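To keep things clear, I will list the structure first and then write my remarks on it.
Chain IDs A, B, C, D, E and F follow the sequence of writing; residue 1 opens each chain.
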Amino acid sequence: MDEWIKSLKTNTPQEGFELAIKLATKGIEYVQPDEKIRKKIRPKYSRNPDNLIAASEVIAIHYQTVAAANNYWRTNKRVY
Amino acid sequence: MDEWIKSLKTNTPQEGFELAIKLATKGIEYVQPDEKIRKKIRPKYSRNPDNLIAASEVIAIHYQTVAAANNYWRTNKRVY
Amino acid sequence: MDEWIKSLKTNTPQEGFELAIKLATKGIEYVQPDEKIRKKIRPKYSRNPDNLIAASEVIAIHYQTVAAANNYWRTNKRVY
Amino acid sequence: MDEWIKSLKTNTPQEGFELAIKLATKGIEYVQPDEKIRKKIRPKYSRNPDNLIAASEVIAIHYQTVAAANNYWRTNKRVY
Amino acid sequence: MDEWIKSLKTNTPQEGFELAIKLATKGIEYVQPDEKIRKKIRPKYSRNPDNLIAASEVIAIHYQTVAAANNYWRTNKRVY
Amino acid sequence: MDEWIKSLKTNTPQEGFELAIKLATKGIEYVQPDEKIRKKIRPKYSRNPDNLIAASEVIAIHYQTVAAANNYWRTNKRVY
């Protein structure tokens, strides 16, 4: 597969969220590489509450990773 | 998409919880951007225990992230 | 919404567990604010193993957060 | 509710696992306090693969908490 | 129950994965101690995609714990 | 089983993601070692939104582990 991610680093929490969505989507793409099949099932699951909430959960898990990677986009210095 | 989040920092644990809800909701919005469809399925899933508990789980996962980002809103200093 | 949480700090692991339950419950309340509807579905899901285990999972996720916030209620000092 | 947990500290990884099971069980008890109902549904869900795996997942989540609380029962000192 | 785990420490990431599988399996055993029942439902769930993926998820959660306990089997020293 | 993993260390976030997929797949293989059965159920679950999203979730959980093991592939030094 082509390079689709270079770094977990993002400039903002919102870009980080969008990266989390990309990661969730890529997980599905690796399991189902056929774009035609994915496009066919998309209208169905994007109207199904179970699927929408489950997709939101996958995004949430990836967002934990991305947020940690970015040290939660903290700008304040912590003194030890 | 417009900027909808600037920071994971919140003043209180309760504001953090509300941010977690926003993140959970945004996850659904990115997957289903059509507001009409979302509004149509909402009455159904908000009365469905499976969906309510699953939504509460997504909030819980985001709350872990927000709480960590805020160092759990600890006010006491820890000495190392 | 009124203030319902002031801090993630609790005196004991058991109080922490009860806070985790409160957080799980609040997640549901924010998604379904109508108390009448929540009371109506409660008898059903509290007898349904799927729902009970799923609710226990949401509590478990919040308990991770609360336990971390309380440094696991450790009393022993760690020397670095 | 009576005190049912004093500490997340256990002597061994196995005792920690048993504490995780207790926490998972308590989550269910708080949501369904009626022992008669719980006993009635138990034979059903303890033969249902979906429920068994889901219960094992809740245990796994609590075990993360208990293991972290016990610093993974590490006996070797790490030098910083 | 007999002692079935002594430590979360393993020599390799692969042994750690196998320990995660053991932990996932033990979670099921504690909830359903009757081996006959477990053997009876096994052929069914091991051909069911929902169950297989859910079992893989429980393993993933335990693997997080085991990997953290082993400091991710890092051999390189980090300098602070 | 033959050695299939030597280290959680990868050169890039993308290789790490592919390792996470391998870990998710291995979880399924350990539970269902019969390749013929796995190949038989694959076409079904790879067209099923529930299964695809659930598989993506398992990948997400493993990716947390792999990313932490690689210190999030950070290249910038942090000063303490």
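Everything that follows uses one rule, which is that contacts are C-beta pairs under 8 Å (C-beta built on N, C-alpha and C of every residue); 3 or more make two chains touch, one makes a residue touch a chain.
Keep in mind that this is a model prediction, so the values were computed, not measured.
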Minimal step count in the chain contact network, chain C to chain F: 3
Cα superposition angle of chain E on its copy chain F, in degrees to the nearest 5: 60
Rounded Å distance between chain C and chain E, as computed from the means of their C-alpha atoms: 26
Whole-Å gap between the CA centroids of chain D and chain E: 15
Centroid distance [mean C-alpha coordinates] between chain D and chain A, Å: 30
Multi-partner residues of chain A (at least 2 other chains): 48, 50, 54-55, 57, 61, 64, 68, 80
Topology of the chain contact graph, where touching chains are joined (line, ring, star, complete, other): ring
Chains in cyclic order, anchored at chain D, direction fixed by chain E: D, E, F, A, B, C
Touching residues (chain side chain F, partner chain E) in the complex: 1, 3-9, 23-24, 26-28, 30-32, 37, 41, 44-45, 48, 50-51, 54-55, 57-58, 61-62, 64-65, 68-69, 80
Touching residues on chain A, where the partner in the complex is chain B: 12-14, 17-18, 21, 46-50, 52-57, 59-61, 63-64, 67-68, 72-74, 80
